[in-house]
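What follows is a set of structures to go through.
Here chain A shows up in two complexes: once beside chain B, once beside chain C.
Right, the complex of A and B next:
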């Protein structure tokens, strides 16, 4: 059994969270609130450290005066808390939104759309290639809502639907596997690190 | 009726069964064969092909709740990178929990002759999503004027020649959701031609496969299973391999429950139809 106090604390808190399977208890709520509080505090500390290294040190010690502009934008963000000055925070929000949209729009077309379309143009010389090309066509056709569906093209949409169902099933199965892995980490922590049953 | 009982098994029995099924192979390890997938092999081959002087950017992007699935893969890949002589590794984090795992790597994994500052650098947390990634790819020194510990980046010998994404031979990101490797593909691979590989949770691995097919992504280590495969390639045993028996048993348990529940559902439908048909007579 572990003698590390932090292992005991983390294990007891994990069991408090799992008590939710029995019922919504005081132990569960206590553990949940501790998690939320520590998460918020930790996030704040990391964010401040990032600001210190990227903004305050270069601005005040290296005299990079151009960083006054982002400093003003950071301060303006907090005007959101003052109702009369709330409109000033929109200036700070406009920069990341506009910048992000521009960067992502350009990169999405050249980095995602064109390469993915090119990768779908495959020779039909293997089962895999046929499935990829036909499947992509059928699923894309299913989402063409601006064209009136006709009886003779309904099988194309049907194939698209069935392929999507298979994909969603696969997606669900991988999600179950991912959550199982997280659960196994919990078991290893409780029965291995804490209780010492798993060697 | 039996079909009713099959459909309405008390949940507490299901939880207890799941606990026993997963705990048994952990307490009494059952060695199961692990076959290495082509996507994991690709990551291994890319790292194996690194030459002295090459630099790797390792980005930790998962939260603490996903660490059980993603940290084993990160650990295995990091061990491989630091075993390559002359290869530098620069680590960043785009999640607030990321710096914690970077520090754990530095504290627990023996990097041999590699020294912090000369071969290994921890730059810390990078907020701002893809815009920040774009800024980092353009100018690393402007994005991170100091490392995680407050040291001026210009004083770190490892960072002297690393100015933009094109100076890195490989970028590996380890993420559980959100942007995933797509941001690095769009910014680093498309604009600078940098090789990108990824460690992803199994639920996100499916969405990365199109990028493997289009050769925008040079490999994928998927979840705990991917970590076990990578450990096999490194000829070591770690937490990835340790969890494989339990994960296999859990998958079989779910399949049995699926079959049982469907037998209950179909049997009940059949019984209702038979009863309704008998009533009509």
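Right, the complex of A and C next:
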């Protein structure tokens, strides 16, 4: 049996979390609140460090005056606490949304759309290639929302949805296999490192 | 500076903008395109109605709530659906619980929910505490959201947005208390979990269409139609390209690789 206090803490807390599989118990709630407290404390520390290293230090010591803009945005965010000035907080919120949208616009076309199209331009000379081309066509067809479904085109959507379900099944099985390895690691930790029953 | 290798990206972008502007201008004149019904959207009222009958809350999570990354569009789609869920909750006097793990989206969610309560004439029932920021740590959030779902025995669990590994955990917690579950994400790795665990699932782009479908807003519907037109063009390119490749001509693929960076 381990004599390391941290092994004991991590093992007991892990078992508390696993008790959720039985029901929402006192043990689970205790672990949940410890987790929340540690998460909040850690988050706060990271946020302060980020503000210090990325904003205050470069702005006040390195005199990078352009950082006044994010500082103003941060201050404006807190106007939400003053009902009369609440509308000013929307400026801060609009900034990351606009920035995100702008970045996505280009990367979606050049990073996702074109590679997908290029990868589908295959000679129809093998079963694999036919499945890829026909599959891409049928799945994309399923996602056409403004075309009224007709009896003769419905099979295309049906093939699309079946192909997606097969893909989801494979993806699910892969995830289960990967998580089984993690679970075995957990058992190794409990019965090996902590209790010393297995080696 | 203009780079020749990005010219195709620019052309496609301008083409999409042009189609969108054309269809939006048509929409402003009153044209509403047909949009096929989406089962998960149709079931939102059923989910909130069930919560009203049982006297239990509705839980909504807009995923990670990211607004400054490639997943921002998923968050925005989730917020559009949150607006409808909040509207229904206000209408039927059902308690709504919104949980988040990205602090930046808290004020936006609060604004969305507040607006919905205002539109339903139930602004007195709105409190900022409807939207709960649980933790910035993903797993701390998940543990708490699971506990909340179980402790409050939520009648309906609606998970729409960009989700990570918390997807199945939240869905399983709600399944244990017998919640009706509606989920949606465009994150390929998480979709199988939602399909397996939830009653209704919005698959990928259905989530974006759902937001437009709910409001029947002409401009949003026009954007869905514009994307459909673009898809039809690219389907034609794929078919034509595949036929040419079969004939030994790889002109389209080479062109995309040369100018689509």
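Please note the rule applied: the second predicted complex is superposed on the first by the 182 of 199 C-alpha atoms of A that agree within 3 Å, B and C clash if a C-alpha of one lies under 4 Å from a C-alpha of the other, contacts with A are read in each partner's own complex, and residues count from 1 in each chain.
By definition in this document, a residue touches a chain if its C-beta (ideal position, glycine included) is under 8 Å from a C-beta of that chain, and two chains touch if they have at least 3 such contacts.
Predicted model only: the values in this text are computed from it and were never measured.
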- prompt: Of the two partner chains, chain B (first) and chain C (second), which one does A:107 touch, if any: first, second, both, or neither?
  reply: both
- request: Quick one: classify A:43 as touching chain B (first), chain C (second), both or neither.
  value: both
- prompt: Looking at the overlay, does A:147 come into contact with chain B only (first), chain C only (second), both, or neither?
  reply: second
Message: If we overlay the two complexes on their shared chain A, which of chain B and chain C does A:118 touch? Say first, second, both or neither.
response: both
Message: Which partner chains sit in contact with A:58 here, chain B, chain C, both or neither? Use first/second/both/neither.
response: first
- request: Of the two partners chain B and chain C, indicate the one touching more residues belonging to chain A.
  value: C
Task: Please indicate which partner A:11 is in contact with in the superposed arrangement: first for chain B, second for chain C, both, or neither.
output: neither
Message: Once chain A of both complexes is superposed, is A:80 in touch with chain B (first), chain C (second), both, or neither?
response: second
Field: Partner chain in contact with A:171 - chain B first, chain C second, else both or neither
entry: both
Message: Contacts for A:99 in the overlay, against chain B (first) and chain C (second): which applies, first, second, both or neither?
response: both
Message: Show me the chain A residues, by the header's touch rule, that chain B contacts in one structure and chain C contacts in the other.
response: 42-43, 46-47, 96, 99-100, 103-104, 107-108, 110, 118, 171, 175
Query: Any idea which chain C residues touch chain A in the complex?
result: 6, 8-9, 12-13, 33-36, 66-70, 72-73, 76, 104, 107-108, 111, 134-137, 139-141, 143-144, 146-147, 150-151, 173, 188-189, 191-193, 195-196, 203-206, 209, 213, 221, 224-225, 228, 231-232, 234-235, 237-239, 241-246, 248, 250, 252-253, 256-257, 260-261
- request: Give every residue of chain A touching chain B within the complex, in rising order.
  value: 21, 42-43, 46-47, 49-50, 52-54, 57-58, 62, 96, 99-100, 103-104, 107-108, 110-112, 115-116, 118-119, 132, 167, 170-171, 174-178, 180-188, 191-192, 197-198
- prompt: chain C touches which residues of chain A in the complex?
  reply: 17, 20, 23-24, 28-29, 31-32, 35-36, 38-40, 42-43, 46-47, 77, 80, 89-90, 93, 96-97, 99-101, 103-110, 113-114, 117-118, 120-125, 129, 133, 136-137, 140-141, 143-149, 164-165, 168-169, 171-172, 175
Query: For chain B, which residues count as touching chain A in their complex?
result: 11, 15, 22-23, 26-27, 65-69, 96-97, 99, 124-131, 134, 143-148, 150, 182, 185-187, 189-191, 201-203, 205-206, 210, 213-216, 223-225, 239, 242-243, 246-247, 250-251, 254
